[in-house]
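For clarity, chains are labelled A, B, C and D in written order, and residue numbers in each chain start from 1.
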Amino acid sequence: MADSDLQGLRAQIDEINLQILDLLNRRARLASEIGKIQQKMGTSFYDPEREAQMLNDLQQANNGPFSNETIKALFREIFRASMALEEKEARQKLRVQRQRSDERTVITMPDGTQIGNSDFTIISGPCAVESIEQIDEVAAALHERGVRFLRGMGWKPRTSPYDFQGLGLEGLRIARQVANKYGMFVVSEIMDMSLVTQMTDYVDIFWVGARNMSNSFLLKAMGQVRQPVILKRSYGATIQDLIYAAEYIVASGNPNVILIERGIRTFEGWTRNTLDISAIALLKQETHLPVIGDISHSAGRRDIAIPLAKAVKAVGADGLMFECHPNPPVAMSDAKQQLSIPEMHALLDEITDTQKVLA
Amino acid sequence: MADSDLQGLRAQIDEINLQILDLLNRRARLASEIGKIQQKMGTSFYDPEREAQMLNDLQQANNGPFSNETIKALFREIFRASMALEEKEARQKLRVQRQRSDERTVITMPDGTQIGNSDFTIISGPCAVESIEQIDEVAAALHERGVRFLRGMGWKPRTSPYDFQGLGLEGLRIARQVANKYGMFVVSEIMDMSLVTQMTDYVDIFWVGARNMSNSFLLKAMGQVRQPVILKRSYGATIQDLIYAAEYIVASGNPNVILIERGIRTFEGWTRNTLDISAIALLKQETHLPVIGDISHSAGRRDIAIPLAKAVKAVGADGLMFECHPNPPVAMSDAKQQLSIPEMHALLDEITDTQKVLA
Amino acid sequence: MADSDLQGLRAQIDEINLQILDLLNRRARLASEIGKIQQKMGTSFYDPEREAQMLNDLQQANNGPFSNETIKALFREIFRASMALEEKEARQKLRVQRQRSDERTVITMPDGTQIGNSDFTIISGPCAVESIEQIDEVAAALHERGVRFLRGMGWKPRTSPYDFQGLGLEGLRIARQVANKYGMFVVSEIMDMSLVTQMTDYVDIFWVGARNMSNSFLLKAMGQVRQPVILKRSYGATIQDLIYAAEYIVASGNPNVILIERGIRTFEGWTRNTLDISAIALLKQETHLPVIGDISHSAGRRDIAIPLAKAVKAVGADGLMFECHPNPPVAMSDAKQQLSIPEMHALLDEITDTQKVLA
Amino acid sequence: MADSDLQGLRAQIDEINLQILDLLNRRARLASEIGKIQQKMGTSFYDPEREAQMLNDLQQANNGPFSNETIKALFREIFRASMALEEKEARQKLRVQRQRSDERTVITMPDGTQIGNSDFTIISGPCAVESIEQIDEVAAALHERGVRFLRGMGWKPRTSPYDFQGLGLEGLRIARQVANKYGMFVVSEIMDMSLVTQMTDYVDIFWVGARNMSNSFLLKAMGQVRQPVILKRSYGATIQDLIYAAEYIVASGNPNVILIERGIRTFEGWTRNTLDISAIALLKQETHLPVIGDISHSAGRRDIAIPLAKAVKAVGADGLMFECHPNPPVAMSDAKQQLSIPEMHALLDEITDTQKVLA
């Protein structure tokens, strides 16, 4: 008997479900009308006073058994769904968000070299430009391996004001000169939007570092440059923070953004940061931008560079960033994590031979 | 004109809101009927196949503008709200959850001493019992200050199997003897449920350590002892995890549970763990159990013990736990964080004089 | 017999200890001489090639039983100690570091109001300036309670480019006007160094937000302004990162820096960030700067504002920052965490009455 | 002239370096003698009172320029190095630590199947045994793909006492029966050492879960069983914690330990935990034990299972663990993360074809 009771009650619920469904969709159509009017009037879709009023009316009318808190929570979900619909209709979905599974931003350099196509891009070079000899030695070795993108950092963000801050514009000039010699592209960090003008003639790809990932003034300025921009996840940023930071650049006019995952701060102390390999998979799935894995700043140690590089490739990244220095122990910054030139060769040997990646 | 259009559309939405409200409450009453039948039949309220079927029906019937995903998300919220209502009606709310703002569990020891009333309880003693001389010296000094609860740890959980693991039952016997001499209570960690029988005659309060906070077998065993139980938050546990762990004990029959906040693992390295002072405020707000702050294991350093003790008192904790050793530098464990006896006096001077707490 | 053997061996070790001590100090004096020469020559104390050479020599000379790795590790410690000594002698210790326990930076505003003396400073106001009515209502209420420092945020850093970004300079003008009416000081966030000139006439204290804490260009620019600067810890920054960020400002010429602890990102989800109460104690101990606790951005929820405010006061902070809005549910940002005006009154009642703080 | 001065000072330092080197090694030999005596006497190498005395003597004798703090810090390093040497000589290095790069523990099952050799081991099955039909359907599908290791969980550790806790011994019996049918091995979680006896006849590999990773009583009990043991990293444990936990088992007599990396708790919320891919590389490098990556509990979501599986394989893990359920949406636990059978096929297709892993 209980079973037939159950059947009856469930049938009634099914009926109510369909009535609620109908009302929800009718409600959505009305909200959409309102949205169009608001858009014309230039007001925001989000009207908290109106929401407060509606919630108050519902509370007055509620006789239970649902508590006022539950009713308010359910209607807040309904309001949010309506607003999401309005925003979608207004085409305010994030520009960086992937709409179809095959959508991808492919960045094409002046000579036709691409990032984000099926190739696996390598970006390398020393942590900072220290001298022409230093950068030349690294660039020559990278060039020999077909690497096209050279880290040429003039300004270095440092935790302490007393640490080496980079050679500045002079470093950038050196990087440009060496890159030209080997037909490479200069990738260089911009630390303040006031530097755009002086850097623009030396740089092929701007790099926004972790410490500036949430600097919206700089991000907007990067929306105005003609070069592609590499945007590095801050060690304190969520994946969502990074996506919004990219949106600042793209919404400001520059569609050519490359994301870098470089590890987040966690309680684990054997690595400097924890490389968030899942973030690479999620960024590839949720955005159409190229995604690169940085195995130097994440691990902060050289000895696991090769397995991490393999993982970055296998998880589906579009490329790899690692630091390379002719003499890591005497590097002026990040000595522990930069690969020597022989180590760089060993790493590239391993990841370019598919058989070895999975050995 | 747009404005009068807006008015009209909004009136229609208000009407629909009320219709949805009515249907939601009717739906809830039906679900509640079903819940009663299920309870009699002994089946769970959560019926995922039925939910899958309802969602499928709604998807079939949906003509938009809401997408199927939105509709499913909204109905999942409705299902969840219904189930919450059923569970509430079945009085399955957590037993440890505070229902009224003045509800509090006050634990009364055999001699009438209380924890969780308006007094501020101090629990102290060395990290582990090392010898009778050591524990006697500390106990004498604490007794002099009116401290009633003595850490008397026989077994010590250690990261490495080669570290000092405690004197075991012998340590507990020593602690009991010394506590009796000074009229104190022995608070002692239980590391496995197999130890209940041999510990029970020596212990006034059982202590479940961070490493065992999620050991449900031990938690259930603690539901069966006659003594109160101190439950320490794991450095990897959320506040919610801790509340559920307490629920295991209370649901197993022992209402006398005391919670300890002791810091969580974060990226900050200047302290061993990050004392989560907000957790104390939230645990007091969300549960009716006494909450104690442990300033030794959180900070892992002696030098900020006094300001942290003041903060723990001011945030509303029911008490304080800190380690105290006659000669911290030669302690067999946790040497860096145990207070010396003069440091203990200084700390108690500061926190018992209200004027000084806020100086 | 074993015991007398032990005695003899230990005496020999004691002798060797003293010889090592003597050599270490002789070595330090020589290194100090070298340091003076380097300083004259303008070269860095840190000479990695020289170090590499010395380590190599030691390795060649080492016959064990210590392994080369151990010898290198020990000498690296010795090198580091020597360099620390040189740096100290060169008076390059951090300027923000506390040298004596009674050293403190007290910031004096034009009318004599101080921050960092024995008073407990309150900074409050809405998350962002939304309108003159909004800020006037809050300022009037704060003024009534003797609060002197008004949040007057024109620019708001936001995660999403589509969120409300503040009224900009117009917001700042409004804040100035209202602050003048009530004799209050305007505390306002600067988001880029290009804004210094236009902001400087409206602002009494510059505020560097969490997202810009590591923006060294902005920090250096803050070293050049005449106003005091509030520096907020990033949710992803260590205490040490914050100290170095303050050093950038002080070393650039502005000694009047105020630090704000506002919570760090952790796995705990019941609060938006985890208020790091120990950081306040450590910043007070390690620096001579005023330290303020922000209970709004840390918790991200209103309901535990009062206990957190008490904890911040008790731990020894120089002041408190909390957001206050005439109508929090309709605030354009941070709606969940801003206090209403009655809530602000309740909070100030609690923390100004010493008896209540510890009740 | 400054340059020749420099030369002279450096030569003197070089000379002193060698003298210090000689004294350090002489000191180490004496300490080693003492260590042997202590070993015979059964006392610990670590003698904090003796150290305190030596530090005191050095402090008395110190005339600078090094401060007493620096001298004490340097000598503490020297003491630590000496003690490390003694411990090494006493062969107390961790048993799980890799001594040579080719050292590896290969675990051989009764029929010759191996874990930790060059094969890539797959462990799969539902989160918990729910019924014979459920586990049979999954096992049949896995068997078809050559998977040999079946998750057959009888007891399930759950955060809430009101969540499904597993079928217990009955679940284990079902798992055994199904595993026998398909010639598979049962991998099953043990939640308390009291269960060893009743589980031992049904289980081929014991599994110690994250919540019990630091339960030393259970770890020691696992040292006594004849079966291999899978040890899962806790979401709150460091890599070092995990290594010591494994050492508890191996030191207690069972060399056949398999480690599982399953993600740690961080501030990132798009995944349930952050898969620590670097930990796999480090565990392979630092220990000789097989290491397996769990992509279900780390991500807590199905949609990135394939890229994560590829990354786990490429980083050098010995195998993969993922949950598989005939009907994930109705699973009694972990519904969001279990793969359906078609999803399992797709995943295995991708990772067994080397070409696809790197596609």
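Side notes on the structure shown:
Everything below uses one rule, namely that a contact is a pair of C-beta atoms (placed from the backbone, for glycine too) under 8 Å apart; a residue touches a chain by one contact, two chains touch by 3 or more.
Source: prediction; values computed, not measured.
Taken together, chain A and chain D share the touching chains B, C. Distances between chain centres, each the mean of the C-alpha atoms, put A farthest from chain B.
Chain centres here are Cα means. That of chain B falls 28 Å from that of chain D.
Centroid to centroid, with C-alpha atoms defining each point, chain B and chain C lie 31 Å apart. Mean C-alpha positions place chain C and chain D at a centre distance of 37 Å. Annotation for chain B: residues 236, 240, 265-267, 269 touch two or more other chains.
On the side of chain B, the complex with chain A involves touching residues 2, 5-6, 9-10, 12-14, 16-21, 23-34, 37, 40-41, 50, 54, 57-58, 61-66, 70-71, 73-75, 77-78, 81, 84-85, 265-267, 269.
Across the complex, chain C is touched by residues 48-49, 52, 92, 157-162, 165, 191-194, 211-212, 214-218, 234-237, 240-241, 244, 247-248, 251-252, 265, 329-332, 335 of chain A. Interface residues of chain C facing chain B in the complex, by the touch rule stated above, are 236, 238-240, 264, 266-271, 274-282, 284-285, 298-299, 303-304, 307-308, 310-316, 354-355, 357-358.
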